[in-house]
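You will see chain A twice below: alongside chain B first, and alongside chain C after that.
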Partner chain A sequence: MQSNAALEYDYSVAKLFTYTTILFGFLGMLIGTLIAAQMAFPELNYMLGEYGTFSRLRPVHTNTVVFGFTLSGVFATFYYVGQRVLKVSMAESKFLMFMGKFHFWLYFVGALLATVSLLLGYSQSKEYAQYEWPIDIVIVLIWVSWGVSLFGLIGIRREKTLYISMWYYIATFLGIAMLYLFNNMSVPTYFATEGLGNIMHSVSMYSGTNDALVQWWYGHNAVAFGFTVPIVAMVYYFLPKESGQAIYSYKLSLLSFWGLMFVYLWAGSHHLLYSTVPDWMQTMGSVFSIVLILPSWGSAINMLLTMKGEWNQLTENPLIKFMVLASTFYMLSTLEGPIQAIKSVNAIAHFTDWIPGHVHDGVLGWVVFMIMAALFHMAPRMFKREIYSKSLIEKQFWLQTTAVVLYFTSMWIAGITQGMMWRAVDEYGNLMYSFIDTVAVLQPYYAIRALSGVLYLTGFLMFAYNMIKTMTASRELTQEPQFRSPMA
Partner chain B sequence: MDIRELQGYANFFMTIFLVIMLYGYIIHLYRSEKKGESDYEKFGNIALDDEIDSKPIVPNPKTMNENEEQNK
Partner chain C sequence: MFHWLEKNPFFFSVGVFVVIAFAGLVEILPNFAEASRPVVGLKPYTVLELAGKEVYKKDACIACHSQLIRPFKSETDRYGQVSLSGEYAYDRPFLWGSKRTGPDLHRVGNYRTTDWHENHMWDPKSVVPQSIMPAYKHMFTNIADIETAYAEAVTVKNVFATPYGDEFKGTRAAWEAHKPKVLADAKLITADMKNKDVKDAVEAGNIPEIVALIAYMNRLK
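So, the complex of A and B:
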């Protein structure tokens, strides 16, 4: 009982993952900006031999931002939020402390190996599942160690009810575990051929259409359980906590949760419209994508309503600004996605730049904004210092918002132009344009996207600088802030 | 009926089943609150009052025995 009085939350693992969020965020977006520039100015492909080409760097970009930046953010916030909503400290269990640190270091080493393997050109050629089988095994171990931490912490909790964020973290864990395992089932050629094949090569256990189906069931739900579910977990904790307002409707949050779980897993076949998968499955993909608007907007509207009567905070507190804009971008991209999944729209949108446009209004406006706001909120509590500069956050906000708008508007125009040009025919039914005609028309939009990359990256550097200054040079706090994060 | 058609029907009926479950859940949530059996909205405070020594909304009997008294 006495020892309990001095008990504190232990943020050592959350801090470690905070560092990697910043590091991988910077690297991933640097490469994103580089490949965006390569699309506009192709000479940039030839700076580093084979290692610097678009084709080699694109998977490095996607995997670094998804599995490096976003997952680090998910883990950092989990090791922070998990303790707090379960009201139990990691310091209370030596085993959990060990597992948390083990999880981190395995993750860090795994991430380095994985990135090197991509740079060397090893790839399964499946989007977001490029890593070859030895790396996959390491990833499974990383995931299992997170699972042990997650359920270990839940096992010793004081708060019996699992707060809604915990449900989302658990869903992230289970969802990715299932999807990753199924999609990466493959036969290593080296073992299948008694030593003839390359050790870093494998062949999928599924073939043809089945392979495509499993891949996009995975691919779409990697977005669901990597970019949506854990980010919703964050917004459900950090927005109420930072604003001091309880969730507008807890029942709606439960409903949206089960709705999302129910609907999301069936929508993946919208990536395969007009392909060889059974027709009913394509229709199902479209229909479920439209239905997906409901649970997505359920969460987003719940967040906006949480601010009811407190909208003054939007102007006073830049972290609220980030989170409210994130929720709004979440609404935008969860409306845009279903529209793209309608068959007739998809006929124009598929394979065009509108798709990366859609991806990035989601990730830049929603995922990155939410993760940065979460880390800003955590910093004064973890490092016991106030946030270094409020005005820098304000400037960063406007710079990055401009960048997101430039990114998705340029890609909307580029994508629709491209889609229309590809299908345009003259009066005799001949195609009016060759591929290179489209490239020439799109070049200015690629240049705008590269510029938006530079702006966004600059904003991220401002975030990183602000965080590092907060950790090292900011005014020390004597008391933990209850709601609003203190900033200079 | 070949396997693909069968899969299609299986999917259809499973969807109907899950829709019923989901609506059932909504009704369950609202009804149990109306009858006063449970109050879901109070769980929103788990995020707001999350100090390590603050009183849990629903204490976990497994871990609370020794320090329940202290938090009262």
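So, the complex of A and C:
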């Protein structure tokens, strides 16, 4: 029998992951800003000796924001949303409580070890899959413990029908598990010999073109299942909750979900256009990238239409502003990606700064905005205090929006400029520019990008300050707010 | 059907898994055997070159340099013959990269020398005044891990049938027997170098990272 008394949800694990979201977000963006500045001002490479060069820090930046910031945000929101949509409290099961905490501490220790290993130079040199095998094993354990929490909570649920957000969390779990396992298959050399050499070292199961295919099947879809799927899970929960509006269309959410699941994985080979991968695979990658616009825009349009008739909230509530702009950036990014996957466009765009430009309008505009809005929404409910400052959120919003626009516009120009210069020929058909000419011309754009990093990082610090103040010093609430988050 | 799936998490998860696993099977498997065949005459990396590849991985050269010449005239004019699948058959992992902040390196061995690399890695601006690449002076003092490189050669020989000679065995004795060969290769590189400390280190039996890296760069043709 379902009792009518409101459940007392237990947010202790969600809180822990909220702290690491803020911590890793700050670190990841700080390193990102530093390496952006290094490209404009190379003298900045020499601050930390061998550990401070662009090349050593770049994987630390990507991994800290992907596996540190974003995953923390995903876990924090899961431990919050999961209980609420399944109508069951973590406190009801001692085992799940233990698993949740175990999951967090293993994750935290694993993240520290992983970061140190990258700084020391232990790397498989596969993008977003740099970690060597011992770290991979820790990551598998972390993932399994999340799986136990996820399916454990589902197992004892009161609400029998899984809410849309849960579909996306389940897909995140399965997708990353499959991709990560297959891409990181490797043979440790220490154990394949009589204990020769470094125990950390391993050699990939796949070679050359095959390795490239597996890697970009992973690399593209790690983005899908890390930066898209769980973020869509968040927007499906937090936008209706914050606005008090019902999701516009159930059918559209069905179509978008199953469409996204089916189409996304095919698109990985668009990272390998004009490579030694067979032509038909390249074409498949291109075509499915275009098809991918449908399910992506399906979700985004569903979100925007959810606000139908309530657009006034956009001016009144900064969290709605964050979420609506996040959905809009999602549309921009999922249109830009397919454009870059068209072969003739890719011929110019590939290997240039347009690619990091694309990544960052998605990540800064969509992923980070959505996660910050989610944490702002959760804070008054978890800490039972109102949000510390509304005006600070407003300022942060405009500062960071400006930063994102500066980032992608400067990188669009830089990328297309360089792509065109590489192929420019004079009247006799000789190359017009030496390689270094095409680098020197980019300096002002790199400087603008570094500036945008500073602005965005400042905005994130405002977020962190606002969150910490909310946790510690804000006015206490006597009862849980229903929709709109209270803020001073 | 969808309503039913939403009430049955197990079958829901199975459904999602089938749908997402499908693409990988269709796209990756059919070509797997063919794509792993080497071009005729391709030699496996020597132990010194493998150690150099490790340096390349350790300092993430891949963050700024590609190793993939695309089939455009502008690329073949700049970097040389278009890259072929079979040339990568012994590359574990592949190191194509995804960003060219610096130029492509797939055939850098055709047009750069030991001497050029030595100057460039010590101070890139000394050879390319507008370069934004950092100097990698630590490679002149850090010692390359040739034992691990040897272990890698033995591993790929035993597990993936990469054609190394019979003398490549996973025992310590076999490694000790092979070590002089690696040192001899290193001395061929240092013969063209001028840094005294690097030369002395190799004489004393330690191979600095820069020597291994240059051996690897010279091999890329």
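Note that in this section the second predicted complex is superposed on the first by the 481 of 488 C-alpha atoms of A that agree within 3 Å, B and C clash if a C-alpha of one lies under 4 Å from a C-alpha of the other, contacts with A are read in each partner's own complex, and residues count from 1 in each chain.
As a working rule, a residue touches a chain if its C-beta (ideal position, glycine included) is under 8 Å from a C-beta of that chain, and two chains touch if they have at least 3 such contacts.
Only a predicted model underlies this, so the values are computations on that prediction, with no experimental measurement involved.
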With the two structures laid over each other on chain A, which partner does A:Thr161 touch: chain B (first), chain C (second), both, or neither?
both
Which of the two partners, first being chain B and second being chain C, lies in contact with A:Ile355: first, second, both, or neither?
second
Identify the partner contact of A:Ser299: answer first if only chain B is touched, second if only chain C is, both if each is, neither if none is.
neither
I'd like to know which partner A:Ile247 touches here: chain B for first, chain C for second, both or neither.
first
For A:Ser256, select first, second, both or neither according to whether it touches chain B, chain C, the two together, or no partner.
neither
Residues of chain A touched by chain B versus by chain C: which partner has the larger set?
C
A:Val88 contacts which: chain B (first), chain C (second), both, neither?
first
Where does A:Pro278 make contact in the superposed view: on chain B (first), on chain C (second), on both, or on neither?
both
When the two structures are overlaid on chain A, which partner does A:Leu196 contact: first (chain B), second (chain C), both, or neither?
second
Which chain A residues are contacted by chain C in one complex and by chain B in the other?
160-161, 254, 258, 262, 266, 278, 281, 284
Quick check: in the complex, which residue numbers of chain A touch chain C?
38-39, 42, 45-46, 49-50, 53-56, 58-59, 121-127, 130, 151, 154, 160-162, 167, 170-171, 174-175, 178, 182, 187, 189-190, 192-194, 196-198, 201, 203-204, 206-215, 217, 254, 258, 261-262, 264-266, 268-269, 271, 274-278, 281, 284, 288, 347, 350-353, 355-356, 422-425, 430-431, 435-436, 439-440
Chain A contacts chain B in the complex at 1, 4-5, 7-9, 83-85, 87-89, 156-161, 163-165, 236-237, 240-241, 244, 246-247, 249-251, 254-255, 258-259, 262, 266, 278, 280-281, 284, 483
In the complex of these two chains, what residues of chain B are touching chain A?
4, 7-8, 11, 15, 18, 22, 25-26, 29-30, 33, 40-48, 50-54, 56-61, 63-64, 66-67, 70
Report the residues of chain C in contact with chain A in the complex, numbered from low to high.
2-3, 6-7, 9, 12-13, 16-17, 19-24, 27-28, 31-32, 35-36, 54, 56-64, 66, 68, 70-72, 74-75, 77-78, 83-103, 128, 130-136, 138, 142, 145, 147-152, 154-156, 158-160, 170-172, 175
